[in-house]
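Below, each structure is written out as structure tokens.
Note that chain A is present in both complexes that follow, paired respectively with chain B and with chain C.
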Partner chain A sequence: MSFDQRQEGEFTVIEIVEARLDASIAESFKTFAFNLIDNDQHHLVVNLSQVRFMDSSGLGALVAAFKKLAGNGSFSLAAAQPAVRDLFDLTSMDKLFTVHDSVAEAVKGN
Partner chain B sequence: MLATLSLEIDSKLSNTTLMAMAVRGVCAMTTLSPVETNRLELCLVEIVNNAIEHAYENQAGNSVHVQLELDDAVIRLIVSDYGKSIPQDSLQKDAESELNPEQSDTWLCSGRGLHIVNKLMDAVSYQRIGEKNSFIMEKRLR
Partner chain C sequence: MNILIVEDARDQRMLLSVVLRKKGHTVLEAEDGMQAFAMLQSQPDIRIVISDWMMPGMDGIELLQQVRKASGERYTYFILLTGKSDRQAVVEGMNNGADDFLVKPVNFEELDARLNAGIRIIELEQQLEQQNQQLSEAIHTIEVDLESAARTQESLLAKPATIQKVDFDWFFKPSKILGGDMFGYHPIDSEHIAFYQLDVAGHGIPSALFSFTLNNVLSDTSDSDALASKPSEVLATLNNRFQTTPESMLYFTMAYGAINSRTGSVTLSQAGHPPPLWVSPINHQVKPINGEGVPVGMMPDMTYQSQTIQLQPGDRLFLYSDGITECENPDGEQFGDDRLLDCLKHCLTLNISETIRYVENEIRQWRSEDGFDDDVTYLLLEWNP
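Right after this comes the complex of A and B.
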């Protein structure tokens, strides 16, 4: 299983148990996140600590989940590694996403 | 001296990692920094994904070929397929539409790959010779 979930108070933490969030699993991630949102999990934190590499398809899946929430809840990312942070910077996604240093920081709330 | 490495995978997205790891291995022999190596890996993956998803419309059983050429001054990656060509308008190096956090219609879920490659590589070109499409990208070595 590439993804897992756990509850931290009101936050649902999505664990990506893969070193690569790329085109080969982007659709699965989207389905996983959409199912959570459809099941009324509206405060999502995506733990990226294991993700060494992300391509534009992986990024697109994160954007799709963020859009699906449509402002009805919260969506943040945690523990992004350097290559992933660089991708956010290159694509200006750092303007859209809140990226916390750790899951612990993300679930403290805004 | 020019060194050439030739790699071939079947057109499945799960095979892209093999290409990426092989090219990272070569990058480790060069003067590319870790950040530059990550970026080269990203560009390679974007173009190989593009061949699988668009040229071959996600149909396995087709060949994606990568030729890596390395000399003292440049690393060149040539990604080739025998499927549908990239439309000319997709190849235009237009500036990417700016993301506005206040406007959700600017939060694009796809179509960023070529913009990323154009931004990160020093030279990019595309050609079709016979049935073969080739995307050529170069990164200068310091």
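Right after this comes the complex of A and C.
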């Protein structure tokens, strides 16, 4: 299984258990996240600590989950590695959502 | 059904043959394994073999082994005749690929039943074969269509050109037959030229169709010439026009620029695209023009920044998609930004078409196998006032 989930208070932490979040698993990530949202999990934190490479499809899948929430809940990312951070910088993802240094920080809430 | 009877005893062979002919089958006869094998080779429409076990020369088991070894596209159903219902014989026969057994003397009702079982299997196999054939034909049709679409896509690409003393050349290689990358350049008025390079997320048909659409929209200069010279507004307008849904997530990254061909002033905006590289042969310098911006189509109401640079005569701009820098060698290492910069520094004394080819060679050598995982596209322009 490429993804796991666990509950931290009101937050659902999605663990990506893959070194690459790319076109090959982007669709299954979307399905996984959409299922959570359809089951009323509206505060999502994606733990990226294991992801060494992300391509445009992977980025698209993250944004798809964020768009799916449509402002009804919260969405943040945590523990991005340098290459993934570079991609977030290039694409100004900070304008869309918060990228936390760690999951612990992400689930602290506001 | 075409059935081959292999039996050295002439009377038994003829008896079986008559019975089967009466049932409406086409029957062929062979006296031993050798003759049978030759007939099977020359007549591939024989689908069922009923063979005696003990025969002079090539016996039934040997024939069976040969048939299984030679098995071509079609399956041959093989029934062995045995003298006694001995368990060991059945095991040996099955291990060599026999489908069924008949004990001699043959009971004709049993023969009929076992033959029907065989015919069911052969018919199933024929159905599969037919479906397979239909599938291959369908795939072939799709491939032909895709190739024709790829030719259309290629014909939409701007040709290498000199516009108002600005030279343009490029390289474009889709990862699959159709690409999600696109680029273009066209005059806005008598002293401004717009140029861009974009990369639709994902590969394949949906991305390619989207990039077709974008190409049409962007090459239509009549729609607002005044706007075309303001890159940040072009991106903001595209962003509001092409908002994606969470389900499709068709968005694109883009670098868009406008050059004043008289003064060499260039205004550039980026939407999540790799930074264009400013190549200056006079200053022996290659440097990225860093910018930022959310990819187009992700979120409505985004604003984009633009920056203006002043080219020197002979200066170049290199726009590219991440298919170059993320191109992996057989060890999984990416080509990377630094190698691309070095590559372009190496090309300072080459002309632009030589530079295009040099970069292509470097990436192909890095890749060291045919085809790329992502579309590889780059656009190079040079200002020669």
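Criterion: the second predicted complex is superposed on the first by the 110 of 110 C-alpha atoms of A that agree within 3 Å, B and C clash if a C-alpha of one lies under 4 Å from a C-alpha of the other, contacts with A are read in each partner's own complex, and residues count from 1 in each chain.
By our rule, a contact is a pair of C-beta atoms (placed from the backbone, for glycine too) under 8 Å apart; a residue touches a chain by one contact, two chains touch by 3 or more.
Quantities reported herein were computed from a predicted structural model and do not represent experimental measurements.
Superposition of the two structures on chain A shows chain C clashing with chain B. In the superposition on chain A, contact of A:Gln5 is made with neither chain B nor chain C. By the document's definition of touching, neither partner reaches A:Ser74: not chain B, not chain C. Judged by the touch definition given at the top, the superposed model places A:Ser24 against chain B, while chain C stays out of reach. In the superposed pair of complexes, A:Gln50 makes contact with neither chain B nor chain C. In the superposition on chain A, A:Thr91 contacts both chain B and chain C.
By the document's definition of touching, both partners, chain B and chain C, reach A:Leu59.
Across the superposed pair, chain B and chain C both touch chain A at residues 23, 55-57, 59-61, 63-64, 67, 90-93, 95-96. Chain B meets chain A in the complex at residues 12-14, 16-17, 20, 34-35, 38-39, 41-42, 45-46, 49, 52-53, 96, 98-99, 101, 104, 107-110, 112-113, 116, 119-120. Listed in rising order, the residues of chain A touching chain C in the complex are 23, 26, 30, 34, 55-57, 59-61, 63-65, 67-68, 89-93, 95-96. Contact residues of chain A toward chain B in the complex are 20, 22-24, 53, 55-57, 59-61, 63-64, 66-67, 70, 82-83, 86-87, 90-93, 95-96. Looking at the complex, you find that chain C touches chain A at residues 199, 201-203, 244-247, 249, 251, 253, 272-275, 292-295, 298-299, 302, 322, 326, 374.
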